[in-house]
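All chains are identified by letter, namely A, B, C, D, E and F, in their written order; residue positions are counted from 1 within each chain.
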Amino acid sequence: MKWVIAIIKPFKQDDVREALMAVGVTGMTVSEVRGFGRQKGHTELYRGAEYQVDFLPKIKVEVAVNDAVLDQVIEAIRTSGATGKIGDGKLFVLNIEHAVRLRTGESGPGVL
Amino acid sequence: MKTLKNSVLLTLAGLALTPGYAHAENVLNSGDTAWMLTSTALVLFMTIPGLSLFYAGMVRSKNVLSVLMQCFAITALMSVLWTIFVYTLSFTDGGELNPWIGGLENLFLLGIGVDSIKGTIPTTVFVIFQMTFAIITPALIVGAFAERMKFSSMLVFLTLWITIVYAPVCHWAWGGGWMGAKGVLDFAGGTVVHVNAGIAGLVCALVLGKRKGYPTMHMPPHNLPLTVMGAGMLWVGWFGFNAGSELAADGTAGMAMAVTQIATATAAIAWMFMEWMRHGKPSALGIVTGAVAGLVAITPASGYVGPIGSLAIGAAAGIICFLGATSLKRSMGYDDSLDAFGVHGIGGIVGSILTGVFAAKELGGKGFASGIETMGQQIMAQSLGVAATIVYCAVATFIILKIVGAIMGLRVDEEQETMGLDISLHDERGYSM
Amino acid sequence: MKTLKNSVLLTLAGLALTPGYAHAENVLNSGDTAWMLTSTALVLFMTIPGLSLFYAGMVRSKNVLSVLMQCFAITALMSVLWTIFVYTLSFTDGGELNPWIGGLENLFLLGIGVDSIKGTIPTTVFVIFQMTFAIITPALIVGAFAERMKFSSMLVFLTLWITIVYAPVCHWAWGGGWMGAKGVLDFAGGTVVHVNAGIAGLVCALVLGKRKGYPTMHMPPHNLPLTVMGAGMLWVGWFGFNAGSELAADGTAGMAMAVTQIATATAAIAWMFMEWMRHGKPSALGIVTGAVAGLVAITPASGYVGPIGSLAIGAAAGIICFLGATSLKRSMGYDDSLDAFGVHGIGGIVGSILTGVFAAKELGGKGFASGIETMGQQIMAQSLGVAATIVYCAVATFIILKIVGAIMGLRVDEEQETMGLDISLHDERGYSM
Amino acid sequence: MKTLKNSVLLTLAGLALTPGYAHAENVLNSGDTAWMLTSTALVLFMTIPGLSLFYAGMVRSKNVLSVLMQCFAITALMSVLWTIFVYTLSFTDGGELNPWIGGLENLFLLGIGVDSIKGTIPTTVFVIFQMTFAIITPALIVGAFAERMKFSSMLVFLTLWITIVYAPVCHWAWGGGWMGAKGVLDFAGGTVVHVNAGIAGLVCALVLGKRKGYPTMHMPPHNLPLTVMGAGMLWVGWFGFNAGSELAADGTAGMAMAVTQIATATAAIAWMFMEWMRHGKPSALGIVTGAVAGLVAITPASGYVGPIGSLAIGAAAGIICFLGATSLKRSMGYDDSLDAFGVHGIGGIVGSILTGVFAAKELGGKGFASGIETMGQQIMAQSLGVAATIVYCAVATFIILKIVGAIMGLRVDEEQETMGLDISLHDERGYSM
Amino acid sequence: MKWVIAIIKPFKQDDVREALMAVGVTGMTVSEVRGFGRQKGHTELYRGAEYQVDFLPKIKVEVAVNDAVLDQVIEAIRTSGATGKIGDGKLFVLNIEHAVRLRTGESGPGVL
Amino acid sequence: MKWVIAIIKPFKQDDVREALMAVGVTGMTVSEVRGFGRQKGHTELYRGAEYQVDFLPKIKVEVAVNDAVLDQVIEAIRTSGATGKIGDGKLFVLNIEHAVRLRTGESGPGVL
C-alpha cells in the first residue's frame, strides 16, 4: 500500500477529487497548506510596511492506495491537477507498512 | 421623502393638532433637528458598516476587503461629489429644465450657511441627510459586480452614474421634477434608490458577465455572521432612512417607523417559510435577506400606509423577492453575485406599485397624492414612476458601462480574479489568523 | 418605564420648571418624539446585532448561525405577534380583568393612527418602542437553550410564551395591572424583562437538559471578539432601553442615562476584580459579562436612583452575578449555556430589590412609589414583584415547555447536535475561509 | 465643544432667528436634550465597539482580546473615575486655580440632580456626554502600546494620566481655564482629545520600546474586516462627537455634522490617492485610516468652519497623516503600533492649526474667537494651544510612565509577548474555530 | 521508529490523546483536515444555490513511536477512536528512517 | 529522495525557511498544526469553566530532498529551528519512493 501526497492548487481540488474517484479511489484526506517554490508570491502593504509573502495557499491531498492502482492514481492526479503553469505542485509516494480501519479493526489492503 | 409641498401641508396639520407649539415652516425646530441629525447618522450607518458587512460576508474570503473597500470608497467619493455638484443638480431649481434636472446655484454648497433653514431643520442637515441616500444607492450596486470589477473602473463608472442617473431621478421624484408633479408617491426611495440601484445592478451583471466558475464552482459565503450582523445594522439604520424621510419628529415619522418594523418582520417570516417549504429548511441567510427585501419594499410606502398595509407589503416582498433571488436568477442565468437586482430591484418595484394600493384611506393609509382620486390612477402613477426609472436607468447605465469599458476595461483579468481582488488590487489580505 | 400616572406627574413637574415651554400631555412634543424614535432604534440595536453577537461569539463555531438565526427569527416573529395581538393584551384596558391582562381594542393596531398621541409622543412610537422590549425578552432566553433546541419548537414555545407569560407580566407592571398599583417600581424592565427571561431560561435549561458533553468536554467560545463587540452594542443600545423608558427627553431621562453608565462601569470593574482575585487573571469575557450584569441590575432602578445608588447597584450586580454565573451554576450542575439566568435572572432580582433601597431620597433617589412611605415597604413591594414574576413565569414556562415537548419534541437528536445546528437545521455553515 | 460663553451668545443669536421659540438658557429644551442623549450614545459607540474593533483588527490574533479588553476596561474605569472626581476637576470652578484646574464641588456628582440644567439640557447629560470624551481619549493611546503593555500597569498609568493630564487640559480648553480665555478654538477636542492622546501615545511608544521582532518580523493585521467595521462605526459615532459638541440641535450642530462628513470623505480620498501614487495600489486599511485622519482633523474646527474649509482640512489631513503614519514613523524608527501618534497626534495638530485659518468669515467660517481680529492672531492662539498641550502632555506622561515603570514595570516579559497577551494575561483565546 | 497517521472524528480527539498517553506516548501532533470517504457529507444551500459538501471535518493525529510499542499504540488508537459508525477513520503506519530532536540535536529512538 | 517532516515553533518559520534556502532547497510546504509534548500548555478560563489546553500551536514543515543534501538539510533545520528551550520540536525523515512534478509530468530527483 502506498501513501500518495499531492500538493495542488486550491481551485483544482474538485477536479482532482473527481479524477481520483474515476479511477476507483473511495477515500482521501485533504488539508490547507502553504507552499513555497518556484511560483512567486506577492507583496502586502499595510500603512507603508511592506511584506513579501512567499508562501502561497495550496491544498495537500493525501490518499492511501493499493500498489496495483498506484500508477493510475498518479496519472489521474497529474492530468487533473496540472494547468501547465508554474506552481501546479508535486506528488510524492511513500510506503505504507500497515493500515487499520478504526471502525472494524480490520487491517491490510481491505481497509481502503 | 415627502415633497416640499406635502411638507408644508403636514406641518400645518401638525400645528393644528398641537396648539401653542411653535412648529412652523422656516423656523428651526430643535426636536425635528435632533431627529434629522440622528437619522443622518443612521443612514450613514446603513452603508458603513451595515451594507458593507452584509455584502462582505457573502463573498469569498479572498475578496472580502475588496467589497468593504468598494463601499467605503463609494461613501467618501459620493460625499465629495455631492458637496461639489450633485446636491445642487438634485435639489435646486433647474429653471426651464426643472422637470428634468436642478440648477447650479449651490455648487460647493455655496449659499448654504449656518442659519439656512429648510422646513424646520437647518439646510445643512437636509443636505447631509440626502447625501447619505446618494451614498447608499451606488453602494447597493456593488452586490451585482462584486468579486470581478476593477476598482478604478468602478470609481469612474459610479462618478458618471451618480451624475447622469441618480441626480436626475432624485430630482424627478423629490427635487421638484416631473415625477413628484405627476403624483408618484415615493416616500423614502423606492424608485430613486432601490429600483434605480437594482436595475443598474442587473445591467452591470449582464455587461460584466459571470464570475469565473459561476455557477458550477462552489462559492459559499465566507463569513455569514458578518452578513447577519450587517443585516441587523441595515434594519436599525433603516429607521433613519424611512422615518427620517419625514424630515420631522412627528406622527408621520412615528407611523413610518412602525410600518417599517412591521413590514420588515413580515417579509423575514415570509421568506423563512417559503424557504422552509421549498427546500426543507429555513436558513439564516434566507431570513436576513427576507428582512432586507421587506425594508426595501416598505421604503416608498412608509409615510403613506398603515399597519395593515405594511403586513401586506411585507408578505408580498418576502415571497416575490424570494422567487427573484432564487428561481428567477437561476433560470435566467445572469450572475447578480449578491442579488442587488433580486432584492433591491424587485423589492423596489413591488413596494412602489403596492404603495399605490395601500395608500388608500380605506386600507389604513394616508390617501392618494393630491390630484389623484382612485386607486387605479395611483397605481398607474406608481407604475409610470417605476417604468420611467427602469428605462432611463437601464439605458443610461448600459451606455456608461460601455464607454468606461471601452476606455479602461471593466473587469480584472483572470489571474487577478483567481488570486482574489484583495491581493491583486489592494495588496492586502482580509485575515491572517 | 414610568407608569402613566407617574408620567403625568413628572410632566407637570417638568412644566413647572420650564416656564413658557409647551410640554403638555397629549400634545406632541417633537423633542420627546425625536428621543423616542432614537430610543426605539437603540433598543432594536440591542437585539440585532447586539445580543445576537454577544451570544453567537460564545457558542461553538458549528452553532454560530443557529444562535444568530434564533435571535433574528425572534425579532421578526415577535414583531408580527405584537402587532397582531400582544400589544393590545399588554397595554390596553382589560376591563374587569385589568389587574391581570389588557383588552383587545387594538388588535392589529386598529384604532391607532398617524395622529394618535400617548403622553407627548405618537402612539405608534410607543407601540414600536414597547415592541422592541417584547423582542429582546424572549431573545435573552436563547442563552439558556443555545446549541440544542429545535428551531421549530423554539418558534412555537416562544409564541406561547410571549402570549401567556410576557403579555400579562408586562401588563401587571406597566399596562395598568396590579403590580404598578401596588407600587412596585420597575422603570425599564427589571421584572418584566430580566427576571422574566432569566427564570424562563433557567426552566429551559432544566427541562432541556445539558448539552452533550457538558461539562466535561471543552466548549470554549469560538469567537470572543464577536462577544465583546456585542457587549459594546448592548451597552450603547441600553441607553435607549433605560433613558427611553422615560418616554421623554427630560431630566429624568438624563439621570437614567447617567446612572446606567455609572452602574454598568462599576459592575464591569467589580466583576473584573472578582475574577482577578479568584482566578488570578481578569478576562475579556469576564469584564463584558460584568457590564451586562450592571446594565441588567440598573434597569429597574434607572429612573429612580441617583449616582450614589448606581455605584452601589453596579458593585452589587458585578459581584453577585459573578458568583451566579460561575460558582452557583457549577455547583448546581444545570447547563445554562450562556448564562441567561446567571446574568439576567440574578441581575434582575438584585436590581429590583435594590431599587427599593436606593430610590430613597436620602440616598439621592427620587423617592418611593406614591403611597409607600418607608424603605421597608418599598423593599417588600419590590420583593413581591420579583416573587410573583418568578413563580408565575416558572410555572407557566414549565407547562408550556412540557406541552410543546410532548407534541413536537424540544431537542435536536444526538447526531444533529454533534454535527452542529448550522448544518443540521439550516443547511449552511458560518465560516468558509 | 463651545465654551459656555459662546454657548450663551449662540443661543441668543438662535433666539433672534427663531421668534416665538423658547430656546433660552437654563430652561430645558427637549429637542436639544434629545440630540445630546443621542450624541452621548454615539460617542460611547465610538469607543465600544468602534475604536476597539478598529484597533483589534490590526493586531495579531494572539493579542486581539487584550486590545478589546484594554478599551473595555478603560471605558469602565474612566466612567467611575469621572463620576468620582475627574468631572469636578475638569468642569467646576477652581477658584484661584481656575485657569489651571477646576474645583471639588461635584465630587461623586453630588449636587447634580434630576432638575439641574446646563444651558438647555440636563446637567447629567452634559456630565455623561463629557464622560464619553474622557473615555475615548485614553482609549486612543492604546494604539501606541498595544501588544506589549502589562494590563495592570496600564490601569494605573491611565488612572494617573486622566487625573494629571486630561483633567487640566480639558479644564484649560472647556472648563473655564486659560486656553479658552486666550481664544484658542477647539470645538470638539483637537487639543484636548487628539493632540493629547497622540502625544501620550508617542511617549508610550518611546518609553515602552518596540514590540519584539519589530520591524523585521511580519506583523500583518489579523482581521482587517474588523478594522474596516470599526472605522465605519467611528465615522458614524463621530457625528455625536462633533455635532454633539454644540450641546444643542441647531444650525451650528447641522453645519458641524456637514463639515465632519465632508472633511472625512475628502481625507479618505486623499489618503487613497496618495497611497495609489506612492505604492501603486490603494488599500482598505489606507482609506479607512485616511477617514479617521479626516475625522480627527475636523474635530477642533467643526463648529467654526464651512464646507470649503472642510474640503481643505480634509485634504490636508489625508496627505499629512499619510506621511506621518508611513514615512515619518519608518524613518524615526519608533513603534507606534497602530499609529496613535501618526493619526491622532498629527491629525490633531493639523486640524487645530487650520482651524485658525478656515474659521475666517471670508473662507466660509464663523469668524475668529472674540477678541481676536486677524487670521495671524488666531493661528498664533491655535499654535499656542497645541504647543502647550504637547509640552505639558509629553512631560507629564513621561514622568508618570517612569514612576509606574519603576514601581511595577510597564511591559510583559518576553515569553508572555511571544505567547500573546490573550493567553498570558487573560487566560483566554480570541478564536477557537 | 514508525510514523503513525490516524484520521479520526474531531470529537474523539481527547479520547485518543488519553489512550495514547496511557500507553506511554509523550508527544504527538494533530491537525485539522477534511476527509472524503464512505461517510456521506451534507448539503448546503445559499439563496437557492445548492452545494453538495463531500468533505467532512476530521482530525489527523500523527505520532512517531518506537517499534516496540507500535502494536500497543495501534490498539490504543483503534479502541479509543472507534464509535462503530461509518466515518471513524483509518490509521496508517509508515517507516521513519531518522529522527532528531531540534533542541538537543540528539537523534534516534531517544528523541521520543 | 527523502521526506523530511519538521515540527517547529511558529515564530521560527522564517528562520527555518531561510536556512533551507541557504542550503539550496527551493521548495517546501508548511502547515499549521497543534503539538503535544513535554512543553506544558496553558489554562483557559471562561466564566469559571477551566480548560487545560495541552496542545500548542506549531508549524509543520515538510520538504522533499535528494539524498545527497539530506544531512545538510537536517543540520539547517536543527540550527535554525532550535532555541534551546523545551518545545523546539522534532524532525523525522521518511523515504520517498517516487516523485512527480504535476506541471511537466517528469519524475525522479529532477522534480525538486
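Brief remarks on what is shown
Throughout what follows, contacts are C-beta pairs under 8 Å (C-beta built on N, C-alpha and C of every residue); 3 or more make two chains touch, one makes a residue touch a chain.
A quick note: this is a predicted structure, and the numbers were derived from the prediction, not measured.
If you take chain D and chain E together, the chains in touch with both are A, B, C, F.
Traced through touching neighbours, the fewest hops from chain D to chain F number 1.
Contact tally for B-E versus C-E: the pair with more C-beta pairs in contact is B-E.
Each chain gets one centre point, the mean of its Cα atoms, and the points for chain B and chain D are 33 Å apart. Averaged C-alpha coordinates put the centre of chain C at 52 Å from the centre of chain F. Shown for chain D are the residues that touch two or more other chains, namely 22, 29-32, 34-35, 38, 218, 220-221, 223, 249, 279, 281, 283, 285, 427-429, 431. Residue positions of chain E touching 2 or more other chains, listed in rising order: 31, 44-46, 94-95. Listed by label, the pairs of touching chains are A-B, A-D, A-E, A-F, B-C, B-D, B-E, C-D, C-E, C-F, D-F, E-F.
By the touch criterion stated above, chain F contacts chain A in their complex at residues 1, 3, 17, 26-31, 64, 94-103, 105, 111. Across the complex, chain B is touched by residues 14, 17-23, 29-32, 34-35, 38, 42, 60-61, 220-225, 228-229, 231-233, 235-236, 239-240, 243, 248-255, 257-258, 261-262, 264-266, 268-269, 272, 279-285, 287-288, 291, 306-308, 311, 366, 431 of chain D. Chain D contributes residues 22, 27-35, 37-38, 40-41, 44-45, 47-49, 52-53, 56, 64-66, 68-69, 72-73, 75-80, 83, 108-110, 112-117, 121-125, 127-128, 131, 151, 223, 226, 249, 422, 425-433 to its touches with chain C in the complex.
Interface residues of chain A facing chain D in the complex, by the touch rule stated above, are 44-49, 51, 53. Chain B meets chain A in the complex at residues 213, 217-218, 418-419, 423, 427-429.
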